[in-house]
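Think of it as A, B, C and D in the order they're written, each chain with its own count starting at 1.
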Amino acid sequence: MTFPLPLFDEYEKKEKCGLFGVWGTAEASHLCYQGLFAQQHRGQESAGIAVVDSAGGINGHMGMGLVSQVFPPRMLREDLAGNAAIGHVRYSTTGSSKLCNAQPLLRQFSMGPVAVAHNGNLINAALLRAEYERLGHIFQSTTDTEIIVHLLAKPSHLEKADPLPHVLKHLQGAFSLLFLFPDRMEACRDPWGVRPLSLGKTVEGQWCVASETCAFDAIGATFVREIEPGEIVRIDDSGIHARRFDSPPPETAHCVFEHVYFANPASKIFGQTVHTVREALGRQLAQEAPAAADYVMPMPDSGRSAALGFAKQSGIPFEEGIVPNRFVGRTFILPNQGQRDRAVAMKLNIIPDVVNGKRIILVEDSVVRGTTTRSKMRALRHAGAKEIHLRVSCPPIRHPCFYGIDFPTTTELIAHERSVEQIAQFLEVDSLAYLSLDGMLGCLRENKDAYCTACWSGNYKIPIDQPQSKFSFEREQLKMF
Amino acid sequence: MTFPLPLFDEYEKKEKCGLFGVWGTAEASHLCYQGLFAQQHRGQESAGIAVVDSAGGINGHMGMGLVSQVFPPRMLREDLAGNAAIGHVRYSTTGSSKLCNAQPLLRQFSMGPVAVAHNGNLINAALLRAEYERLGHIFQSTTDTEIIVHLLAKPSHLEKADPLPHVLKHLQGAFSLLFLFPDRMEACRDPWGVRPLSLGKTVEGQWCVASETCAFDAIGATFVREIEPGEIVRIDDSGIHARRFDSPPPETAHCVFEHVYFANPASKIFGQTVHTVREALGRQLAQEAPAAADYVMPMPDSGRSAALGFAKQSGIPFEEGIVPNRFVGRTFILPNQGQRDRAVAMKLNIIPDVVNGKRIILVEDSVVRGTTTRSKMRALRHAGAKEIHLRVSCPPIRHPCFYGIDFPTTTELIAHERSVEQIAQFLEVDSLAYLSLDGMLGCLRENKDAYCTACWSGNYKIPIDQPQSKFSFEREQLKMF
Amino acid sequence: MTFPLPLFDEYEKKEKCGLFGVWGTAEASHLCYQGLFAQQHRGQESAGIAVVDSAGGINGHMGMGLVSQVFPPRMLREDLAGNAAIGHVRYSTTGSSKLCNAQPLLRQFSMGPVAVAHNGNLINAALLRAEYERLGHIFQSTTDTEIIVHLLAKPSHLEKADPLPHVLKHLQGAFSLLFLFPDRMEACRDPWGVRPLSLGKTVEGQWCVASETCAFDAIGATFVREIEPGEIVRIDDSGIHARRFDSPPPETAHCVFEHVYFANPASKIFGQTVHTVREALGRQLAQEAPAAADYVMPMPDSGRSAALGFAKQSGIPFEEGIVPNRFVGRTFILPNQGQRDRAVAMKLNIIPDVVNGKRIILVEDSVVRGTTTRSKMRALRHAGAKEIHLRVSCPPIRHPCFYGIDFPTTTELIAHERSVEQIAQFLEVDSLAYLSLDGMLGCLRENKDAYCTACWSGNYKIPIDQPQSKFSFEREQLKMF
Amino acid sequence: MTFPLPLFDEYEKKEKCGLFGVWGTAEASHLCYQGLFAQQHRGQESAGIAVVDSAGGINGHMGMGLVSQVFPPRMLREDLAGNAAIGHVRYSTTGSSKLCNAQPLLRQFSMGPVAVAHNGNLINAALLRAEYERLGHIFQSTTDTEIIVHLLAKPSHLEKADPLPHVLKHLQGAFSLLFLFPDRMEACRDPWGVRPLSLGKTVEGQWCVASETCAFDAIGATFVREIEPGEIVRIDDSGIHARRFDSPPPETAHCVFEHVYFANPASKIFGQTVHTVREALGRQLAQEAPAAADYVMPMPDSGRSAALGFAKQSGIPFEEGIVPNRFVGRTFILPNQGQRDRAVAMKLNIIPDVVNGKRIILVEDSVVRGTTTRSKMRALRHAGAKEIHLRVSCPPIRHPCFYGIDFPTTTELIAHERSVEQIAQFLEVDSLAYLSLDGMLGCLRENKDAYCTACWSGNYKIPIDQPQSKFSFEREQLKMF
């Protein structure tokens, strides 16, 4: 039950979960493994796969760590043999990081067994949970996902011809969901379309579902279309059957941060390739906030696409001057800033020849808490950088996310109640510019009303009647370790 | 999640669980550790401890393996710090041997967190579970204990001034139970008194509860009295408060097999010290089934007390001729009887000088499947035993147990549809005798109607309307590994 | 490289090593496993097996822990496939408890590969090592065994037609040795015959060698004879070939403590079955130091045979009143005596009915440091023992052992500069008696000059010119962990 | 002893070792940890640190896996406390991948303890070992490094006032070495200067040594100078003392592959920053082998610097179209090419928008076996690449390396007996060009005679009298696992 392995330690913006599901092939668990493997960037804390076995039961295995560590080949072949599978990689947004919270959740209810995998965050989970506890229900995990199964098991829901839409209508917040039943898989997406979820088809013709299309590429499958906001797609032996569980809200709320930071550059999200969007963000940034410099340089790896765009637009040469250490493991808890700077230095190497004596435009995807960024700036200075012009390919993050991103608390955000000027001073850079909100939204395909910009604008489209809900589980009185 | 260590491999009669609880001391987790440690013979598959922490929450840790492996000292000191604790060691009787079934179960319900530890087997668990699933409840584990928390969380129960008696009235079968709530511990025993449960007091004056009194000895506590059949004893900061949840049935059903095999010889169970009962069984056996022999010899370690009694009664010298290997680990799966004989030979050493050319009365506590016993007989023959007179200190086991002992299926029992003569032939002994049912019961303190003899007599006192209930979970459709 | 599992924690008299070897069967590694398994009582710290593979190379695996933990079945079958094998279980006597000291040692020298397994202690190891270091040799482990391979590799030795006798002549101290070469196995025993080593034959006719005959019983082999003191037995495809490497010293120095405590009661050691010797020791003790009592009771498990003898001789009834916990694991480091008493209490259960109000003769094999024994006495008192007459089946241990037993330092021995009276007072017993040296030796088959009694008498037969040699490695400047 | 974690799986060109040492600070083990961490790209198989403890002994710990896994903080702080440390990360070039081969090697000889860490390959190791075995020396590990300690321990060497130069004169091949003695550290480099080794100074003024200068950056130290070929630098409490052990050969033999592939782009090696050299290689390649294309694209991460150079020189836009999966773990053994292609697909994601319909110049650092490269080409085609013009920034690899790079056997090299035309066909690319030998050497600072080009030219400057020596240990007859 210990946490066996090193993780990439970007603690400031914790990544969300990744989902994958496939129906109708004896290779289900292997495809699921590969689909999760390709989405490992969406969560490295735990991984799980559930399958429908030959007897119509559901078997699952979850473990702490990377996909490649959690599933030995023998397990995929034997314990997880079956013709349908769903899987999950996770970085906890609610629920502490415990194995008992690892997904897919497996539960037994009156209709038999079910497995559920969830990406997102339910803002009314605590409320629903309290309500169900009053009705005599008991809970084991501390994840918001558990409430979904309670809703599913509700007799009044089960009386309906098609209970699932009734269940989903009760959920508020962000949810891309995969359900695995013995006879079918159901892929659902909240009406706001906050998190991505796509439908694909393997070379052999089986339907599959993934958070990101890079998972399809990994298994040689083809992207078919997105699961629509408010849609349920049922996949079973007879094929796919789409239905809506809710009338669409007047507008959607696609998470722009998926494009800015989370998703794989090679994935297609909300109708656009991530790399292409990031490059456009960089171009726009070059127009909004030019600077005189010798080079445009990315903060690797997430700033690379935007930096390329910035360089192309500005005509200033693109250069690589920072080499990240690919083998970064868990770091010690470091008591003071001097040591924290040193820890950052261990994790990236500056190429002195490139940096020394140069005026640099450094392109970073975002700045959250600011301390890590400052350590990086100091490392560049130490290597001789003459000027650092930091350009950030999104606006200042000033508000918490209730839909699935685990930013630090508001007061820890560097942009909280600080002007750009003050932030520049804190980061010890010669100049600092953020991309404007409109500039950012202008790079996106849909009308700007289609997106959620809450972390930048404070405009929470999905009503947060219980803004405390995100943290309510922290008052949890149950701890297993 | 692998099973890390060797177990004593007596697979024929799987041992039940052991419970321990203590209230009102900063050393709670340490005392619990020691109390479980002393009851390790009651279950080596998993161990768990839950504590009330200083904030009034409940923290727990469960793991596969021995108590000494599951709890490092640091964990007892830090993660399990608190003033009250309950613990559990387990050999699964229902529910497959998975960590998610390890106890105490920790669950959250409307009244807050609770931890439950259970020794016994509920014969109506499957029925209750089906009923609750119909009501929309969901289940995660495959253990019968989970249903108890569902009953506890039922709103109609919670309306009562004292809900627990109402909960317990719904349970049929054998149950000794410990509940840990933030403000109290509750110790309960089924009205039949199938499994033992006793109340003790530490040197410092705290109340504690244990399945066997040897746990009290281990922590220097004093045995106070048994928890009565049908009784609930509440322990909180104000002391103890006893109440009944059910009128007593006309007779009790104490499990005699606790005396014959399970319990520690040093424990006091159902009012009698186990060693003393076993010695009396041996004496009685000597009267019922004498034999001419050079020595009386125990099958160590469980047959030792009865052998001493047999020797004293018969006047035939007591001798030790078999040395068990104390370091026995999990054995390979052995395909044929030749190899199985060899595996037995690895696990005990015969002292040739003692055995060679001698007529031996061998006293064994019980014979279940018979194959291991036969391997032992062959080892004795190989060492030169001239005559083997096997004496068994209980009657032939012919019926399954629905109250918590995991005998093999009926047809695998050597005594199933076989005469004693035939069994003797199978075991390759010169003579074989079992203790009579009346002889056995005559060694016990109470009237013979106070005991359960179902595995020998087929007389199931606790109505088994659903005799399939024991195995119903095997049809479980949910598997985690 | 951590030490993964609980050990029986008798730290006062650390057990020596156990050896096993077999030649000429495709089941070599499996038989070796079983032979070591049966000798696990001789060492639980590490285990190792080396085999000759089909290409004539030597493969080995060593690990920390029990035999059943170190060797998974697949490893025996695949990695350790071969027609000859030697194995070793170990409790370190020299060399700290590190994996790099685990045996058999595998080394490469000019004649090819060799594996060596050693039971005993070389008193001139430090001297030899210093000499070889002066010659330019380098050392990796901190065990005395490594020097043997250096002697073996010495060119002047290799020029001889049969180098091994020349090698062994350089060794002083106690050594039972197994060498595995690609073409042969060599079993050797020091001229004093300090440690046991026996030759056996499997049912299929292969020669095998073991420290104790109980290993032969475990694999169904037959004891043939002891390897003689000063003898080398070569085993190869052509059979066995015995030769002497040294003229026998005027007398041998068999370690009596093997009979008193170390060896398995079922083994035949130095021509006598251990159980039989122990029973004789108990009888003699009854004659030398009778006491009026209700019962004779063994301190289990090692005192059982002697207690039986005492009871038979004295006519006082034999009774069992102490039940050891079979699942004892590593214990915490316990700072004060109160806690140490409690730790002892955790590890044995007293049967109150048997002990309460009774006068008890308690038979113990030996007393080393005395603190554990005192804790046991206190536990008996706490259970109500009226009188405790402690009888020890060997004389007071007053001197260190340089031949392979890891007693604590002299001043820590309870009998060091204390009279029996004083010891009785320390142990809080009503009376205390040790067996006399002559009484003990009178129970043995050979003339008393055939035995080593150094730990009792201080009479070191094998000259200790460097009495510091045992501890010289403690000045070791090299530590790996 | 199992290999616990995922590795980056570039199996074709196994990376060499990395060294780090520091003298004279209580933070020695921590600095060593960080210095190794920054050089993790030079070896991920095992890691080890040895320190001089406060008593003047040497303590060490080695383990399989990454630096961050092998050394928990507590170990650095406690077990590895000391004022001087050397460390090693390793990918085996000789010696199988076993813990007993992990470095630094710790050995005891007549002058006390010593630790040795080695980067390179000794071509006369087998010869020397055979010679020492004839002299009666024994060997434990299967690494070529062990022979160095035997030479060091040789009495005739120790008689000299300064033995180390005499020892090093016996070594043929490539060696950068760190010795740790209780009173000093010695840093040595072979007269050919095959592998890098540099001297640095920490902020606090302590001397440190590292294979690559990126280790100095990681700890905030400053690069001082290279250890010269044929030089020994002694570091002790009085400072540094440089001496030569051999007259320099007429020319050096710096490994160009360090620049092409191994070293960190941010490091300074053989007087030049790696990134800068690679960029120059890319520029030269653009001049030698231009192509008409829409983009220049790197094969990440190792081809990035050269691709930037190619783009700048050619004026063709630089673009990123391939996203490597940062979480790659050990892959299954894949039986057929279809599955191998799929495995490659799992490990990199193609950005379809960038690649689809485009003519691409793909810059790769080198091609070894060719099968992985072909899988990558297929993935690009599958994403719609219209034309692929593969440009390789070094000449075809056609010969084995005896100086420390573990290429596959000659016949497995794709360029072995194949024309560039044939290779292009095999790789399924539209055009293929390798950088010319002279073109490559022209990018380097020194005269072309200063470098080793054996793997491309077959010109082995260091005489290989025993060309079999590299593989001779494969005939090793000793295996531990």
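Note that a contact is a pair of C-beta atoms (placed from the backbone, for glycine too) under 8 Å apart; a residue touches a chain by one contact, two chains touch by 3 or more.
Source: prediction; values computed, not measured.
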item	value
Labels of chains that are neighbours to subunit A and to subunit B	none
Computed distance of Cα centres, subunit C from subunit B, in Å	36
Separation of subunit B from subunit D, taking each centre as the mean of its C-alpha atoms, in whole Å	60
Of all residues in subunit D, the ones touching two or more other chains	none
Arrangement of touching chains [line / ring / star / complete / other]	ring
Interchain pairs in contact, sorted by label	A-B, A-D, B-C, C-D
Contact set on subunit A toward subunit D in their complex	4-6, 8, 34, 37-38, 40-41, 44, 66-69, 73, 214, 217-220, 264-268, 273, 275-276, 301, 304-305, 308, 312, 317-320, 323, 325-330, 332, 342, 345-346, 349-354, 382-383
Subunit D contact footprint on subunit C (complex, rising order)	1, 53, 55-63, 79, 99-100, 106-110, 112-113, 130, 133-140, 149-150, 152-155, 157-158, 182, 476-481
